[in-house]
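Both complexes shown next keep chain A, but they swap its partner, so chain B is in the first and chain C is in the second.
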Partner chain A sequence: MNIEQILQAAEKILEPWNKETLRPEANRVDIVMQADDLHAATVALHEAHWGYLSAITGMDLGVDSGQMEALYHFCSGPAIVSLRVRVPRENTSIPSIADILPPAIFFERELSETLGFKVAGLDESDRLFIPDDWPPDVYPLRADFSPEQATPVAEKHVEEIPEQGMLTGNTFVIPIGPQHPALKEPGHFQFTVDGEIVTGAKMRLGYAHRGIEKAAESRSWFQNLYLFERVCGICSHTHAMAYCMGVEKLAQVEAPPRAHAIRELVAGLERIHSHLLWLGVAAHEAGFDTLFMYSWRDRETVMNLLEQVTGNRVNYSANVLGGVKCDIGAEQAEKIKEGVDYLETRIRHYLEVVTTDAMFLNRTRGIGSITAAEAERFGLLGPTARASGLMRDVRIEAPYGAYVRYPVSLVTRTNGDLEARCEVRLEELLVSCFAIRAILDNMPDGPLTVRMPRKIPAGETISRVEAPRGELLYFIKSNGGENPARVHVRTPSLCNWVSVLEKAVGRQLADVPMLIAGMDPCFSCNDRLVSVVRPHGSEILSWTQLRKLGIEYYSR
Partner chain B sequence: MNTLASFFTILIYPAGLTLILFGMFYEWIDRKLVARFQNRAGPRWFQPFADAVKLLAKEQIQPGIVNPYLFFALPIVAIAGASTAALYVPLMGFTPPSSFSGDLIVTLYLLSLPTMCVGLAGWNTSSRFSLIGATRALTQLFAYEAPFMLALLGPALVAGSWQIGEINEYAQTRWLILSQPIGFIVALIGLMGKLELPPFDAPEAETEIVAGALTEYSGRGLMMFKIGKSIELVVGLTLVSAFYLGGLSGIGSFLLKSVALLFLMSVMQTLFTRFRIDQTVGLWWRFGAILVLAQIVVIILWKGYMP
Partner chain C sequence: MRIGTMLKDIIASMFKKNSTQHYPFEKNPTPERFRGNLYYDPSACTGCCLCVKDCPSKAIELVTIDRATKRFVLKYHMDRCVYCGQCAINCKFKCMGMSNKDWEHAALDKKEFTVYYGKDEDVKQFLEKLTASTDAETNE
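Moving on to the complex of A and B:
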């Protein structure tokens, strides 16, 4: 089936509720519908097994228009169908679809907390993303928001763990995070345990909020590149790549082939670095520190390669709008090949370790198994989904950039347990190694960049790339100005959380860190949303004040 | 024994200072070996001493809801239990300073004291991490204690004595590791369980329960528990090498055999992934206890039929 047929199939399913059909891009169809019809339309798409819910983008269309819009993006292969729902700003009620698609709960929380959509049946007693002392009825992504409105409400500050949660009969609550040895990034989980068995799970995100989406609206297209690169410290390249490709699409500029090749090369190296980092963390959570130390030692090789290519170890900054910054010469290509050869032997070794080491298998085999049907229902993405036998990989489903010329093969397993996830991730690295060699052997010649206009023509685009953790989706809207009107980022970790919360219940407490690590969570990615104040502070600090405070604090 | 000599025995040698220094030295060997096996640089030789000085000098923070007497007494009891056990073992290959018939059983109980104290400490501080850690520590105690005791009973049976000194003398003429290999393996792994070393470190699994039962301890209290553990390490190594590795006849054989044993333990710490607590219990009762019981039965039959 080609894209057109897939889209027509969706249009046919959605026929009864369709008010207007828009074609913003070749691979997209927008169906405008009434808020009341949303639930029925989602049921129809879900029952017809048409794609999966990838993201929900909320937009404030401005005070003048008096309307807000929610876009429900469903993806199937390269085709995207967005259900557009417009509601007046005064009455923003929309129905919930979380009963059909569980991951929607996170997207709906985002809509409700940042834009003030009133989602039916959503528990608003606590918050997932924005700080607890954020004032009520102030929504940071609304067009008429001003920072003065965000004065913290002192009495709204709730204790994270109420004292009475400590001991009630045989069960009590084990808090994990925001500061905990198992977490390298801040997040908060409450696991109710009965002895060693977990009977309940709850989570809270938002400890690393930086308000990037809001900040993007006041920066130029070029400045934003550096902002989005900093969404994540591990997969910064894929974020920059997704943003660049989206903006290039809007500007109708095509980056030169050499730039695309270098982008894929850096993405491949980044994947190796990310998955080796993950392997170490997973091994440490299981209490196998030897594997942790060895995999991180070998990760240094790829870090050095990245530094050599881009000049940076963490935020590589390889992309610019319209191409890439760094070129790869013959000498560098040799060094990369050498490094990749070494890494390949090591990755093969680790693949053997995770599949044969009896003690490690004790902690991974048959643990947290997710069937393909469950994975589909949870809306999983990336290696977590592929370990359950779901063929979900943007690089293959909807090849972008250089992936058309240098394709990668799909790695899947069917067990869906932690062992399968280890295997999928490591085998993916072998695939990445092959791709890197193919690129180096057949590097296209030509310029690195093309000229980009300063103002991007009005329009909307969706840019999807495969980050190490799964599909990364950028929704970019331009009003034809120097700044974007709205950039919405949906990171893969957000979609995978459901799997942890659902699978932890009934397991041993000792398996919980492994389950969390099993989906390779990236808290910084989740937490890019909005925050102007410190999570628990009660004052807004400027950069100079903050710096002064830091110096004073440590000179004591 | 006059008073001065008693003081010397308790404070300087073999209990007290010497024991503590030995404990730290062995702790350093263990840490260094594991680090080298894991491709790390590892600590310098004085690191355990530096840790001790630093922690002992630090304030001990007492949580609001604990029983203060218990909170302060438990580390002392732990260290005292382990040090007292040292009086009955042939430390450094010399005859034990104190000895009576049946001291093997007393020593084994004294060696369990630190773990009991850790369990109580976890219960007393009533932090959730501590509670889970304490439950795990005590669960693990019930798992390894019986097999470990049975493993040390084997040499006692063939030596025909319950006195550690006498068993040591008996063992010097023959290497019991050859005739009772199962007992040796169980004793070695039991010792690792006792010391909560990986892969039996579920009671202090940092990725789940931070520092387990000792989460609320800091400064002096924490250091005393740590010193207690180091002493336990030395005493345990002495016991196992005296019983199974051809006895301890002098300082040379003591150092050689106990360090060899420690080396073996470091290798196992490096190789294995942490057991979940249910897996630990399963391992001990399904394999450890049954195997060692079978060996005891064989020993008894052998002794009965071939006097």
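Moving on to the complex of A and C:
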């Protein structure tokens, strides 16, 4: 089926609720509908098995228009259907669709917190990702927000929770994080246990929230490139690439073929570094520190290559609007090939280790198994989804940039356990190695950049890129000015959390760090938006209480 | 299933020499494209300020002493810089770039991270004026 047929199928399903059809892009159809019809329309799409919910973008259309808009992006292969729901600013009630699509709860939380949408049935009694001392009824992404409104208030709701011990009723709650030896990044989890067996899981994120989406509105298109590159330190290139490709699409500028090839090459090197980093972390969580040390030693090879090509180990800044900054000469190509050859032999060795080592297999085989149906229901993305047999890879489903010219093959497994996720990630690296060689052997000639206008024509676009952790989605809106009107980022880690929360239940507590590591979470990525399930049970200290405790502790 | 799958790697490593570098006595050479501190050559500058405009972290300020004779002083805050190199890309006259030699940042005073680039006499004139104005403020 081509894009047109897929889109027509969706239009036919949504026919009864369709108020207006818009066609903002060649691969995207926007269906305007009333808020009351949203639930029925989602049920129809879900029952017809048309695509998956990729993100929900909220927008404030300004005080003058008096309206707010929520866009529900559904993706199927290269086609995107956005359900647009407009509500007046005074009455922002929208229905919840989380009962049909569980991952929607994260996106709805974001709408409610940042824009003040009143999502029906959503528990709004607690603070989610914005800080505990954020004033009530102040929404940072609204058009009339000013920083003076964000004066911290007393952490009211925290004090309302009665002080409780770890033991509540018949359940014992084990809090993990935000600072914990088992997790290297700040996230807070609460596991209810019965003996060794986990009976419930909750989490709270948001400790690395930086308000990047808001900051983007006051910066120019050029400055924002470096801001979005810093959403994540590990997949910084894919963030910059998604942003650049989106802005280029809006400006109707096509980057030269050589620039696209170099972008794919750097993305391939980045995937090698990201997955080797993950392998080390996963091995460390499993207690296999030898594998951790050796995989990170070999990761230095690819870090050095990235430094030579782009000029930096992290935040490479290889992209610039309209192309790339760094060229690859013959000498450099030779060095990359040498490095990739070495890495390939090492990756094959690690693939053998993770599939044969008895100790490691005890920690991975048959643990956290997710079936394809479950993966579909949880809305998983990236290697976590592919390990369960879901064919979900933007590079193959909707090839962008140089992936048309230098295709990659899909790696899937059907077991869906931690072992399958290890295999999928390592085999993907072999695929990346082949792609890098193919690019170096057939590098197109030509310029590296094209001229970009300073003002980007008004319009909206969705840019999807496959990051090492899964599909990364950028929604970019321009009003025709020098700054973007709205940039919404949906990172893959956010969609994959459900896999941990659902799968921890019934396992031993000792498996939990492995399960968390198994989805390759990236905290700084998902903390720019973030979801939270309210922790109950253990004692929660407010900032003032914590500070007091700290001072007392150290003055002893 | 086997045990000791990585034993070979470990044994091989026992016969290798220590790979820890004794920094700062021994330094790894930085690659040619490494983006360290910014450098600025005032002779070609026309004062178009495109570098200042696109800097994502407001790390550079360009002070015009006299546009007609092309006298500029560039105030560079290396503690704000994110070393992205966008200014060097923007400059049509190639008067700035990122050094791959000068990259070590350690100082006891934050003031050392603000650097003035320009012709010697221009920088001198600018700094004298700056001290004069701060002196005047303190006297008040």
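Note that in this section the second predicted complex is superposed on the first by the 518 of 556 C-alpha atoms of A that agree within 3 Å, B and C clash if a C-alpha of one lies under 4 Å from a C-alpha of the other, contacts with A are read in each partner's own complex, and residues count from 1 in each chain.
Basically, contacts are C-beta pairs under 8 Å (C-beta built on N, C-alpha and C of every residue); 3 or more make two chains touch, one makes a residue touch a chain.
As the structure is a prediction and not an experimental result, all values here were calculated from the model.
Peer 1: Kindly classify A:266 by the partners it touches after superposition: chain B alone (first), chain C alone (second), both, or neither?
Peer 2: In the superposition, A:266 contacts neither chain B nor chain C.
Peer 1: Between chain B (first) and chain C (second), which does A:394 come into contact with in this model arrangement: first, second, both, or neither?
Peer 2: Neither partner.
Peer 1: Is A:357 touching anything from chain B or chain C once the two structures are fitted on A? First, second, both or neither.
Peer 2: Touch status of A:357: both partners.
Peer 1: Does chain B (first) or chain C (second) touch A:325, or do both, or does neither?
Peer 2: Second partner only.
Peer 1: On the A-aligned overlay, A:220 touches which partner chain: chain B = first, chain C = second, or both, or neither?
Peer 2: Only chain C is touched by A:220; chain B is not.
Peer 1: For A:290 in the superposed arrangement: first (chain B), second (chain C), both or neither?
Peer 2: both
Peer 1: Show which residues of chain A both chain B and chain C reach, each in its own complex.
Peer 2: 290, 294, 357, 359
Peer 1: Write out the stretch or stretches of chain A touching chain C in their complex.
Peer 2: Touching chain C from chain A are residues 219-220, 222-227, 229-230, 290-291, 294, 304, 307-312, 315, 317, 320, 325-326, 352-353, 356-359, 361.
Peer 1: Spell out the residues on chain A that touch chain B in their complex, using ranges where they run on.
Peer 2: Against chain B, the touching part of chain A is residues 166-167, 172-175, 180-182, 193, 195-196, 283-290, 293-294, 297, 357, 359-360, 362-363, 508-513.
Peer 1: Enumerate the contact residues on chain B facing chain A in the complex.
Peer 2: 37-40, 126, 128-129, 131-132, 135, 198-199, 201-202, 205-210, 270-279
Peer 1: Would you mind writing out the residues of chain C in touch with chain A in their complex?
Peer 2: Of all residues in chain C, those touching chain A are 1-3, 5-6, 9-10, 31-35, 53-57, 82-86, 89, 98.
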